[in-house]
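Report on one structure; see the data block that follows.
So that you can tell them apart, the chains are marked A, B, C and D in the order they are listed, and the count of residues begins at 1 in each.
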Amino acid sequence: MLIVLFSIGFLLATGVCARLFQRTAAGSTRIGAAGAAAGCAVGFMAGLRALLDGHVESLRLPWSIPYASFFIRLDALSAFFLCLIFGISALCALYGAEYLSVERDHETGGSWFFFNALVASMAMVVLAHNAVLFLIAWEMMSLASFFLVTSEDEDPAVRQAGRSYLIATHLGTTFLFALFVLLGRSTGTLDFDGFGAAAGAPSTLLFLLAVTGFGVKAGLVPFHVWLPEAHPAAPSHVSAVMSGVMIKTGIYGLVRIVPYLGWPSVSWGGLLIGLGSLSAVWGILQALSQQDIKRLLAYSSVENIGIITMGLGVWLLGVSLGSPALSLLGLAGALLHVLNHAVFKSLLFLGAGAVVRQSGTRRLDQMGGLLKRMPWTGAAFLIGAAAVSGLPPLNGFVSEFLIYLGAYRGILSLPGASHWPFIVVIAALALVGGLAALCFTKAFGVIFLGSPRRDREVSLHEVGPWMRWPMAILAASCAFLAVAAPWTMARLWPGLLGPLNDVVITALGFSAIALALAGARFWLLSGRSVETAATWGCGYPLPTSRMQYTASSFAQPIVSLFWLPLRLPNLYEPCWRVGERFLKRFRWLQHGRVQLYVLYIMVTLIVLMVWKLG
Amino acid sequence: MLALFGFPFWGGCTAFLLRTDRSRRILLLACAILHLFLTMAAWKVQLRPELNGWLALDTLGLLFLTLISLLFMAAALYAVGYLRRESHGRIKDFEEGVLFSNEPEAVFIGCLLFFLGTMTLVTLSQRFGLLWVAIEATTLSSAPLIYFHRHHRSLEAAWKYLLICSVGIALALLGSFFLVVAAQGTGGRTLIVQDMVQHAAHLRGPWLKAAFLLLLIGYGTKMGLAPLHTWLPDAHSEAPSVVSALLSGALLNCAFLGILRVVQVCVAAGLLSFVQGLLTGFGLLSMGVAAVFIVGQADYKRMLAYSSVEHMGIMALGVGLGGAGIFGALLQAVNHSLAKAMLFLTAGNILGVYKTKTVSGVRGALRVLPVSGALWVAGFLMITGSPPFGLFPSEFAILKAALDGGHGGVAAAYLLSLALIFIGMAGIFLRMAQGEAPSPRCPEPWWSILPPLLLGLGVLVLGLYVPPFLTAALQTISRTLGAP
Amino acid sequence: MILQAIDTLVVLLILTNLLLLGTNRLNGCIRMIAFQGFLLGVLAIFLQTPGNPVHIFLLAAGSMILKGVVFPWLLSRALREAHVRREVDPFVGFTLSLIAGGAALAVAVSLGARLPLPEALGSTLVFPGALFMIFVGFFLIVSRRTALSQVLGYLVLENGIYLCGIALIHDEPVLIEMGVLLDVFVAVFIMGIMIFHIQREFDHIETDQLATLKDVEP
Amino acid sequence: MIMATLHLFMALTLSPLLLGIINRTKALFAGRTGQPLLQLYYDLAKLLRKGAVYSRTTTWVFRAGPVIGLASVLMASALVPFGGRPSLLSFPGDFLVLACLLGLARFFTILAALDTGSSFEGMGASREAAFSALAEPALLLSLAAVALRSGRLSLSSMLVSPLAWGHLAPALWLVAAAVFVVLLAENARVPVDDPATHLELTMIHEVMVLDHSGPDLAFILYGAALKLWILGAVWVGIVAPFGGMNPWTGTLFALAAILGLAVFIGVIESLMARLRLSRIPPLLVGAGVCALLALLVARP
């Protein structure tokens, strides 16, 4: 516990140092990145130990802010998220050290300050056990990430993205204000311990507040509008942290707070599944139709948050219908997917960042054939793409498997009337799985395969080791986490060992067969003629690289099927316009004539006199 | 204690007599430092009531006196540099291109010091009559400050300020008379706050109610509660930024203090729910009106002025909600003073470089003025109640008071207004701070940075740590205002 | 005897107010205000009879000098500087103003009858009279265009409140009352200066032109 | 265990025969003699002995595609029960692994197609990805209905127990229809795709593998045959579970059923034309709706 606090403090200190010594960009980068990596490494170790030890530590100090106390607690849930935060952030910091070093002449001190503050505040969010402390950490996290998003604010699109992000996250926090105050109404303090004894408001209202407040941060569908704008706008290592880790704090919040709300009603789980499936399908459809690689990844985060939320919905349904097996599968699947998504999404963002940095464009249709020029990045991206599509033998598959299994269990073990949510889960997961494969074959295929679509791409080269190794580690983690899942999950929930074991055995069996086949192929081809030629153009004599299938044509069959949902406009903007116009109607009040201003005073006086005294 | 408000008057008179600008500026600084020193001493030493109990420094007065003193110190530092920069001859007006000249510096500094003296008197006076005189005197001494730039817009602002506040204050006078009637025959010295509170049970209810209404409207005009706030945006936008800072941070609090004094009496007389209903209504209305004008506001100084209306509304709401809300309202008053003064001073820096008050005319402040730009963004976060700044705990406490009291509708309206204002302000502040720099980086002299920086640090500290003495003081005060 | 005198004075005050409502000559208005100040001074003597003689004297003298002499002098100086003689085209015409004045009088009387007044009040007419003056003051500020008229309105408002004060309050130390007078004096003084500036800035003192600061969308 | 191994062996050896049967059936309907039944075996043997030609554009992804594709189908074949006996590997949720393994094969086939940089192969890949994404919900919902009916979650127990579909016939027919459409779509059969077409523009699966040659092509062809066997076994398991019988009889019955299925596919290919591309998504979504309906009417 103290070690974790130390690493948080260390992060903040190095962040401030990086800001102070920003005379040279390289110096502040060195301080900031090294500090972030070291602090995260220490914190990661401490978090991992707490997770494996399994005992709960807490620390409570008085604090003079009203209703606040410095109450932090490190239990398994917190430790799990801590490992995630520190682990991913450390790698992203190392990556960022190289990413920020070239072709950016202006100061990096501020960027590192906010990066380290972001990591520290995320850690604080998952540690906090007092509402005020939680909200402060939560808002610091939002602000730090806002400043990181707008670090390239010369671009109007970045400014717009930053603004909508800031507004969305602040509005979400407003819901959390109400939630926490209502939760703590019956007790004097706002420590989490005191919650739940007797909630001061109808618990469904509280649940809705929680879903809205945390859903905005997580990027659930009706509240996701900021996400596809903000994540692409940020520098890639920051996008990786935001998409991989930060939006998961919304999930953390739900998992942490919902148990305090009392016995969940069936409609809660249904609501989560509804929102989750909507997010998943909508997110992947949008991702499919994107031209911009980082927007594509951002929308894919919406999709994965949807999958996680469906898992949470299965969990809540299991609790409310009294089926422990179901709730276990749902919760474990959701949390495991949180971990897996963090790993492969940050890997994908780092890979995308490497590509964007080398090629100077984010448009898919201008890339192509990069695998030959950037083999490391390409291989890492391919592993990430396979993992995000939920394919064995990688980690994304394992967590989706648990959620699937939960849904099937739900159908089998519960009476017919409560089947609907589970049917939705199965259908949505199946559809999303296929579409994700389509989406990421598109992304990987168009960027890395085929031949370059522009002359510039021909001369590209691989990124340096500081960017390469974090990607390699993450890619290895994708495989490792799949294999290690049964044992790690079984430590927390022994009931999961059985189903996962078989899955992993199958995956390992597949790998063995694949290796054997590769060997067989090698043996078959050895000593025979292996030639190279041009791709067969089906009789067309003069194929050029511009004639390759493009990203948009690749996605066209599905995009044309789902044109209606894809063209739905953003409804918040028009609503705001209407509201603004409504507010402007009252502008005449301040018309500039002093006579009428005095009349206001007189009318107020008379009205109040008559009303209050009459 | 007499020295506390006496020497600013003396200084003000001296300022008119001194020959050189330089000596006047030194006098201004000296008075500010001395005043701050005396105020700090007042925290340590218990001062005896003076003049037959007319003047006394209770905790409430001391709190607001400290704010005034701190702000004046910051403003004086800023003003010295500001006056050096403002040239003397004819100046071209950047909005309409007409020529104008500034007020003589003697008048400006003299009025500043008078202003300080009258505000000090407001915090010290324990008698409603004297309080009235002091508050009216603050209007009179600040009107010339608003008319520093002698062109027609600031004249208009000063005229409106003078007329509307005078009308309001006249009603407050009537209210004071009613208070006397209410207190006649109750024993104890009439119109002394302490005595009225002690004998509150015998006050005549209807007269007290009428008196409260009149005083609320009268001082509320000065405090800027909607719909009585109409002078406020004009005056704040046209005054020099340093004066706006004092008006918003110190003067509005003085009027709030006046209302709180009456609330003390009414609470003691058992009119709690009457008082609370009115304050809640005014509070919500002010927040709503502020939201109307902040969203899409084209002039950033007016936007800050409307934000003052909003915060005055929040304070009124906090007191109106009672309980922990009063604590929140007082903490809000402290934080708002510091934050708003800081914002106005920063706005002054931006205005000095960009020569425009329109939002659309300012771009890339973070690049042109790195420190001021950063302060501007930080100030935005402060004033909208984001953690880790001091307005977060206070606004949170008021929300908790609303929900704990079962006022779900009030809480919803409160949060809605805050959200609208946040959206409106986010557009304005960020649009100004971010973007490409239209001009190369400008130098920022220390006098223009240091005062807002210190004020901002104060707000930051208060957001992370409320010193125990402050907590104790705020609790003492809130007990006199009806908190359990 | 005293009661009748008080009633007479109050009626005179009301009449001056009606005249203020009905006239467009600013000069006449200023004279009316001067007369009001004088009347108030006399009224103070009658209303405060049981009190301390020195106090009464100071009060009466103060109000007569300030309200009856100094203010009118200041205002007529401002008027001379401003080259304005009449209130032209007010927001509410003079006839309508008079009718409104009549209505205000009725309201004031009915309000005065309903409020539980303290016994010490000299006459039943004083309080309605004071209310009426307050209404008229507000009305003048709201309905007139020139800055000078607004100052006049403010003075009438202030006079009404003052009348309330001397009627309602008996055992108060003189300092406050003098403070009040002094304050009003400074207020009018500064307003006078302002009018001077307004005149210089705009060539005439109509507040129509003082309406550039606003938030209405063009 | 022995039976399961035998069944796996049958799958590995007999699956190319299915294609031969289909082709013979089609030839019969067309009044031709047609290819020999064992044509695919000859092809495979010939291809395995050949060298390879690769496009200059391609990378290792192109070479990995066939290997991974075949490996995943091989792994999947160990999961499918046959003739009412459990498969080699069975555990709750194994059908999910089966679906995902097929997805993995598809993923790499598509990437290998894109690696050539040919617009024709890109086009085929795009169609394949889109149609299989639509087919996936139909398959998994159908299996949900079967799981609900049998109360079990592993293929071996779902498809083994003799199901008294009896009075619940609608559910059975709906599921059978849905899975059959999925089977046709996944294996690139008419009416979704026409393996016999010669125009690249209208192809889906065939056009994706145009550039493969030698052992790679052998892997792909063999994988496709095996995939047909796997889905066929699932379909047979749903429609006619032979559990409870003598294992040998059950195996024989099942073998007969799956060969019959091949004949049936051949008949369909002879009688129907290929659908227009724009008509295929409705077909697949319709299958999904059938599966959903089956899930609703099925009772444990």
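Please note the rule applied: contacts are C-beta pairs under 8 Å (C-beta built on N, C-alpha and C of every residue); 3 or more make two chains touch, one makes a residue touch a chain.
Please read all numbers here as calculations on a predicted model, not as lab measurements.
Looking at chain A and chain B, the chains in contact with each of them are C. When every pair of chains is scored by its C-beta contact pairs, the maximum goes to A-D.
We define each chain's centre as the mean of its Cα atoms; on that basis chain B and chain C are separated by 31 Å.
Centre-to-centre separation of chain A and chain C, using mean CA positions: 69 Å.
Mean C-alpha positions place chain C and chain D at a centre distance of 100 Å.
If you average the CA atoms of chain B and of chain D, the two centres end up 78 Å from each other. Of all residues in chain C, those touching 2 or more other chains are 138, 141, 150, 207, 210-213, 215, listed in ascending order. For chain A, the set of residues touching two or more other chains reads 584, 587, 589-590, 594, 598.
Within chain B, the positions touching two or more other chains are listed as 159-160, 163, 167, 171, 206, 233, 293. Which chains touch which is summed up as A-B, A-C, A-D, B-C. The touching residues of chain C, counted against chain A in their complex, run 91, 138, 141-144, 150, 207, 210-217. By the touch criterion stated above, chain B contacts chain C in their complex at residues 127, 129-130, 132-133, 136-137, 139-140, 143-144, 147, 150-153, 155-160, 162-163, 166-167, 170-171, 173-174, 177-178, 180-181, 184, 190-191, 206-207, 233-234, 237-238, 293, 297, 302.
Contacts from chain A toward chain D in the complex involve residues 368-369, 371-372, 382, 386, 389-392, 397, 401, 404-405, 408-409, 411-412, 416, 419, 423, 426-427, 429-431, 433-435, 437-438, 441-442, 444-446, 448-451, 498-499, 502-503, 505-506, 509-510, 513-514, 516-518, 520-521, 524-525, 528-538, 543, 545, 547-549, 553-558, 561.
Residue ranges on chain A touching chain B, taken from their complex, read 63-68, 132, 135-136, 138-140, 143, 150, 153-154, 156, 159, 162-163, 166-167, 170-171, 174, 177-178, 181-182, 184-185, 200, 576, 579-580, 583-584, 586-587, 589-590, 594, 597-598, 600-601, 604-605, 608-609, 612-613.
Contacts from chain D toward chain A in the complex involve residues 48, 50-59, 61, 63-64, 66-68, 70-72, 74-75, 78-79, 89, 91-94, 96-97, 99-101, 103-104, 106-107, 110-111, 114-123, 125-127, 129-137, 139-141, 144, 147-148, 151-153, 200, 210-211, 214-216, 219, 277, 281, 288, 292, 295-296, 299-300.
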